[in-house]
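Once you scroll down, you'll see the structures, which are given as structure tokens.
Each of the two complexes below includes chain A, the first together with chain B, the second together with chain C.
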Partner chain A sequence: MPVWEVLGRRTEGDPFAVVGGVKAPDAEMALLLARETHFRHKEGVSYGVRRRGEGHIHEGTWPANELGGVTDRSYRRQEGYVGVGAQMKRVHRELAARGLVVRGPTPPSTRSSRDDVDD
Partner chain B sequence: MTEDADPRLALLLALADDELIIGHRHAEWTGWAPHIEEDLAFSSIAQDELAHARLLYGLVGAMTGQGEDELAFGRAPAEYRNAVLCERPNRDWGYSIARQYLYDTADAVRLAALVHSAWKELADVVALMRLEERYHLEHARAWFQRMAGGASATARDRLATGLTAAVGEAMAVFEPIAGEEALVQEGVLPRPSEDLLSQWIAEIGAELEAASLDFVLERHASLGELVPTGSGEMQGETALAPPGIGHREGRWVHDGGFVGAGGRRGRHSDDFEPLWEEMTSLYRAHPGARW
Partner chain C sequence: MTYDERVAEFKAGIDAGRKVEAGDWMPDEYRQAALKFIEMHANSEVMGALPEGTWIPRAPTLKRKLSLTAKVQDEVGHGQILYRVAEDIGKTREQMFDDLVNGRTKFHNVFHYPAETWGDVAYIGFLIDGAALVNQKALLDASYMPYVRAMRRICPEESLHLRHGEQLVLELVSGSDAQRKLFQDAVNRWWQPTMHFFGPPSKQKDMLIYWGIKTRTNESLRQEFFTTYVPKLWDLGITVPDPGLAWNEERGEWDWTQPDWDEFWRVVKGDGPMTHIRLAQRKTVWDTHAWVREVFAGIPEQPAA
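Now for the complex of A and B:
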């Protein structure tokens, strides 16, 4: 099955940039699948596909104001952690003012080698 | 407020429940479609359908004071008004594409009428829905044409089998709703269901003929689960008219009956309860929860 690069313009005037790829038998199906997989949530204003290794871009015909759907998709956004970093900093500052230091776990500075792993 | 008191509720619940339940079925393809691109495509379409149900439940809520979750998950099975077609399991890709094609072509016909509704709030919601429903039609027609095209005899056969199984029940998308006469009189429903059904049958009849698949319109009657059996037995408490699609003067026409009708009155198939159990389990475990 041929591979097609998916290209998109984030805003009007942007050049086309590769944003992903789909497998499809021809340009018509590639455009359909490109839109369904990459441009259903307001990711850009126009899109196209280019068969890998070829130069011609087949452009989608959906107008920018309709591309990406028009109904509420806010539930897709992960907003549960919004402000968590700022809250942590504030707590650290308050505790530091009382002479307390929070020592959180820190990630390892180097990747462990096979030698460190017990078989 | 009840559907008897205001038939607009019956219309809204028919539209919203169709979208909710078929959206739920589409979402079941996530992770199981023939390839990952289609996982996402059916998931996107499912999200659209759920979003449309939410818009319509919003109109219901404005009349009854009920919330979206309460309407979507807080009702008993017999209170859902979706067409039986929407609740059927996905079966295989052939059935899923056939059902999507039949449902979305039928939905397009009724939405094209409802966008001219005298009830402005409904007309506005429908105008929004139609912008996204075009995605669904394009998806369904692209797959329909490819599978019907005959490049793969297996694909064409599976599509034909799916169409045969689904077309009778798809007619019941246009099963008249309670209080329809009043809705038509007031212009809320600009055209009667029977009129919309005739238009839809003529349209899909022409498309199926072009694909040499119109034979599914003649033999669908023998395969629907709610169709009278050879011994004349009927399922359900009310006798259903024999399915009716006829061919007269070069056009496919409605011949006066429905297969699988009853959804608009809360009569569902055995496939509905397991779907309902799963779909509403979280809400029933934590009634009134907010997230």
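Now for the complex of A and C:
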């Protein structure tokens, strides 16, 4: 089965860059696999495939706003977890106030963020 | 140019930062090392989907079911991407998967253990994925470029999984005493496998590091894991079940207790608590769905009558 290079444009104006590869019997299946395996999380604005050893790029037809789906899939994207860092600090503060945190020396790189909360 | 001269030239190129592409000439030792490493990584991704896959129907809310389903899809997708990378080095996907389900090749130790509770799911998402991310970020500078491209895709998805795991942990530790205990119990059971995950101390001449396929030693990665995650666990009032774990200011690194390495070797060689069950699951599907592969590959040639 032929190997197809998967290409993507991160933003408008970017050239196509190789981002991976798939095996597929034809360009249509290669584009489907490429879209599902490499652009599921809205990783770019356009995609394409190129059969290994050939120069022609078969471009995908899904527009940028549809890549990755059109329904709410925030549970599978970073936008669904905005605020987790702040939540960590808040929980730390609450547990520190209850006397539940574990004390012990840590590397210098970790100290400033912990000092903001402890005591 | 003799073979040895070509190898020396190749090695000099690696040391100077040259990246290797799929069609490039490479020494046999490089090819074998890269294939074994990437094949094991691919195996680990598809086996790693199983512990959490069992929790999709048992997750406490629809949101968590959706998140776990998406995560499992990502992990299997990582396997697909990595098998594709490994195929170019010289072994078919079919052979790799056949070797995996028949117990001839290895996968990471942590995926041989059961995910017993929702606390385990939180641990896996936060600390196993955290450990994986420490490893995988180091691979972004590997010498084999197709593997680097795969890591560029896999690392952001693992970061997402980590955020999900972190959120689960925060829910548990800020909840009831029973919820806190659920997570603490998971930490107590999973800590040793996590220490095993980074592997024994690297050999003096680690061939993967020699060829630039890996860029950091096992111990260096484990130390980074301690620095990133131990303070966070302590901040959440969670203890680590290693009385010897402590930051050593003088040496600038963490002291810790070596785990039972006999258990590590026993598990990765195929004798973990869930090894046979999980391989049997994979093998059953592999065997019963052979007809799907045959359809894609075309009807095989019939032997001459």
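Rule of thumb we're sticking to: the second predicted complex is superposed on the first by the 76 of 119 C-alpha atoms of A that agree within 3 Å, B and C clash if a C-alpha of one lies under 4 Å from a C-alpha of the other, contacts with A are read in each partner's own complex, and residues count from 1 in each chain.
Assume a residue touches a chain if its C-beta (ideal position, glycine included) is under 8 Å from a C-beta of that chain, and two chains touch if they have at least 3 such contacts.
These figures come from a predicted structure and were not determined experimentally.
*Asks:* If we overlay the two complexes on their shared chain A, which of chain B and chain C does A:Arg77 touch? Say first, second, both or neither.
*Replies:* In the superposition, A:Arg77 contacts chain C only.
*Asks:* Examine A:Gly104 and indicate which partner it touches, taking first as chain B and second as chain C; both and neither are also allowed.
*Replies:* In the superposition, A:Gly104 touches chain C alone.
*Asks:* Can A:Gly69 be said to touch chain B (first), chain C (second), both, or neither?
*Replies:* So A:Gly69 only meets chain B here.
*Asks:* What is the contact status of A:Gly20 with respect to chain B (first) and chain C (second): first, second, both, or neither?
*Replies:* Second partner only, chain C.
*Asks:* A:Glu28 in the overlay: touching chain B, chain C, both, or neither? Say first, second, both or neither.
*Replies:* The first partner, chain B, only.
*Asks:* Determine, under the contact definition given at the top, whether A:Thr37 touches first (chain B), second (chain C), both, or neither.
*Replies:* both
*Asks:* Using the superposition described at the top, determine whether chain B or chain C touches more residues of chain A.
*Replies:* C
*Asks:* Can you list the residues of chain A that meet both chain B and chain C?
*Replies:* 22-23, 37, 40, 73, 76
*Asks:* Mind pulling up the chain C residues that touch chain A in the complex?
*Replies:* Per the stated touch rule, the residues are 63, 66-67, 70-71, 73-74, 77, 80-81, 84-85, 87-88, 93, 146, 149-150, 152-153, 156-157, 159-160, 163-164, 166-167, 170, 173-174, 227, 230-239, 246-247, 249, 252, 296-297.
*Asks:* Would you tell me which residues of chain A are touching chain C in their complex?
*Replies:* 1, 3, 18-23, 25, 37-38, 40-41, 43, 73, 75-78, 80-81, 84, 87-88, 91-92, 94-96, 100-107, 109-110, 114, 117
*Asks:* Over in the complex, which chain A residues touch chain B? Could you list them?
*Replies:* 22-24, 28-29, 32-33, 35-37, 40, 66, 69-73, 76
*Asks:* List the residues on chain B that touch chain A in their complex, please.
*Replies:* So the residues of chain B in touch with chain A come to 35, 37-38, 40-41, 44-45, 47-48, 51-52, 54-55, 128-129, 131-132, 135, 138-139, 142, 146.
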